[in-house]
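Think of it as A, B, C and D in the order they're written, each chain with its own count starting at 1.
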């Protein structure tokens, strides 16, 4: 086993003690780097500990650089990694500080802002170590068509309602343009209701109530979609098939088929025998 | 095949390349016209590009006029189209600019506002090309009775609560009238909570909390309605088809067709035999 | 059939043309009286049409008085009506104006306010003619235990969270007392979020986010309760029992038992024969 | 039966009249003490009735002290109680006033605040007498994994969205730091929407609408989790018990016990025979 294979095992696999240790270490570094991004944005903190932040930021960047290089070296076909989602994320979450060296000076402040944004992509690394991210993505894909129809109708409603509110309330009441009207409608439909803009005229308030009651009905749609999906999964979850009558909706802890009384375990044994 | 028939095929049907092309073109024009309505409402933009907007508006209006005329000519019985929902929508979304020519001058500004509103009806055209609109309508129709009962109880609650809040808080705290009280109650029941009006007296705040907890329960109703409907649909989705009568809505565990009493399993066996 | 019986039929029953006509008339009068209460509360309107309101109010009051008397006369056992829910409501929604005659003068304005509140009880009459009210009540009764547990936990949470916020933010940031803190917590838990009071200190904002995420989970509870109830009802809805094997979960349109293939209709016929 | 055993029966068990009486008494005392905490926080009240509050506070503290001592004496193995959840709660909810004697003077005011917070722990005692608390805890435990994934994705989203909003809107519009941005994002995602901070720039408002629509979808997740759980429970609720092994979670249509394979119907027949 070459050193490359060893590195690969440590970085890409998590079934060895070394691999697990590496993952945990990486996880901690990511969390620290995220904490830095956040704290650095708090003025009085960033001023006080500025030099500390810079050093820590450099340490983390170097760590990520090494990791990135090792990932490329230790894999058979580097392209598979480099152009994979996480390959790009790793790259984007490593380079910022280097760039900040090149584009120093006047533009520094503005560019740093953008860099901060880039550094946030590190959070995606977290997703990798939990699988939660992927779970969410799958769930989204599943109910995408329904959600699109839902979004489509929301857009139509917010478009019409936004225009009406703009015409009814007008700029003097904060509805300075149709986009603002649409923004307000979505704020209202989603029941967020900031209150930065709100109807003042009786007619406007009446229309607002209609929009709210509508939003009430609309908020049900995504909930309905997700809930239905989950109920479905719950149904699916318990699946041991009776070898005698093919009944397939048994309780998880059922030992006998509730349809024909056949011993479910025996069925399983026989299946195993067949496989041999 | 006369030119009329050809035009009809292009405008009314979407199964030919020409028809599809026309639909896409129309879709783009509608989206552009909507973008115009929105951008025109943003002050500084509308001032800067005023002349551009006028010209584009005219081009679109002419396009819609031609489309409208062609629709009338190419159809056998024009009345069917003219007095259909989309017939009226097409008309309303075409005339505004012409009207603005007649009612020019002093009233122009105000009338233009109304025209903008009319022009928004073009959005309904979008619905036609996706079917989403109709889907939404169907869903609404299905659970209409339940939703009406729900709305009815919301109105009763908001009416009583609105009056109580008006009496408790009074005009000095922003509850200037019962309608305002009702408006506030709906804002609260729907959990929007703008905060433009909010209870100030301890008693008022106590009643408010009760209303919020009530709204909590009420928001569940529409969600429940929609979710139940969706779960129902999911149930239907998983189907075994009867080989005898083609009935396709059996229970998962059905052994005989509930429509003709035919043995579903036998049907399956025969299918297998056929496959061999 | 005495005139009393006739009156009873008209007032208490809705199966005759006269009865229906009376119900509709009463419904309209109630709606008008409610409109009065609302419009009278709008200052400039109540000043302008003050005399009109008074006259209309008197006409309605007399109408209700007559109705109330007739209801008492035409019923066999008047007590059953007088001390029934609607008997009391009818009484309360009739007397206000008479009382205002007695307690006139200085206290008039304040008492009038209270009267308005009483007059709102007329809305309950609306409920009678739709059955919606009762439906809502039934639904509430059904899931009362679950909802009580839910409310109980909400109270505990809001109590503790309210105290913490009061200690963390303190009076200087608007959390002037624990009751205010509790009020704010419920405003936040129910996702209403007026914004009249909101955390200012970093710690307060952090706790607030925790409360919001908690509220997120809690809002699910009532929804879950109602939805589950509704799903259950949907399940129940289709119930025809097989006369042969007793299977009771058939589709509404099932003609044969999906468990044993027995003709469900035949089963029904046999049942009828037995009944003979 | 020694006096210790008697005390134990009264304090720890609720099946005797004395035990029930004690529980009710304790419940009342707790509620009174909570009322004190709340009212004491309202300035004008606490000033007016200050001496009354002190005395009542002392009476309650003494009551709790006695209860605590008796609980320790009357139990066989005191450690089991002292280091149990409620043992600690009882201790924490008793000592505050004693501590306030020691740390008097200048620090009094601040410490009193903390004490108030401690005294709130008494509310947990309430939970004991209803079981509601435990019910809530069980429910939480059950759907914990799903909820964690949900919270995880919420954190990721709020982190990225918060950073973007901080970069887009910047300190001049109230987004003074990333933590504030995250706070705002959660306020928006949970549809609370205080409005203390809200987007001002067009781009910021556009991103805000996206976050709101996202929050719309996300709010569905916990609802879905809870609802699915509840629907599941409803499923379980309707049960036929096996006459042989007492298994009580069969499917409605089960013909044989899935635990021991015993014929459920035969069980029923035998029951009938017994009844004869």
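Definition applied: a contact is a pair of C-beta atoms (placed from the backbone, for glycine too) under 8 Å apart; a residue touches a chain by one contact, two chains touch by 3 or more.
The shown structure was predicted, so the numbers you read here are calculated from the model rather than taken from an experiment.
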item	value
C-D or A-D, whichever has more C-beta pairs in contact	A-D
Homomeric contact subunit B-subunit C: same or different residue positions, threshold half	different
Inter-centroid spacing, subunit D versus subunit B (mean Cα positions, whole Å)	41
Inter-centroid spacing, subunit D versus subunit A (mean Cα positions, whole Å)	29
In subunit C, residues with contacts to at least two other chains	179, 182, 191-195, 219, 223-225, 227, 231, 249, 259
Topology of the chain contact graph, where touching chains are joined (line, ring, star, complete, other)	complete
Contacting residues of subunit A [partner subunit D, same complex]	34, 37-38, 41-43, 113-114, 116-117, 120, 123-124, 126-127, 130, 132-133, 135-136, 147, 151, 154, 179-180, 182-183, 186-187, 190-196, 219, 222-227, 229-231, 233-234, 249-251, 253-263
Subunit A - residues contacting subunit B, complex	149, 152-153, 156, 159-160, 163-164, 166-167, 171, 176-179, 181-182, 188, 191-195, 198, 202, 205-206, 208-209, 212-213, 215-217, 219-221, 223-225, 227-228, 231-232, 247-249, 259
Residues on subunit B engaged by subunit D in the complex (per definition of touch)	191-195, 223, 227, 231, 253
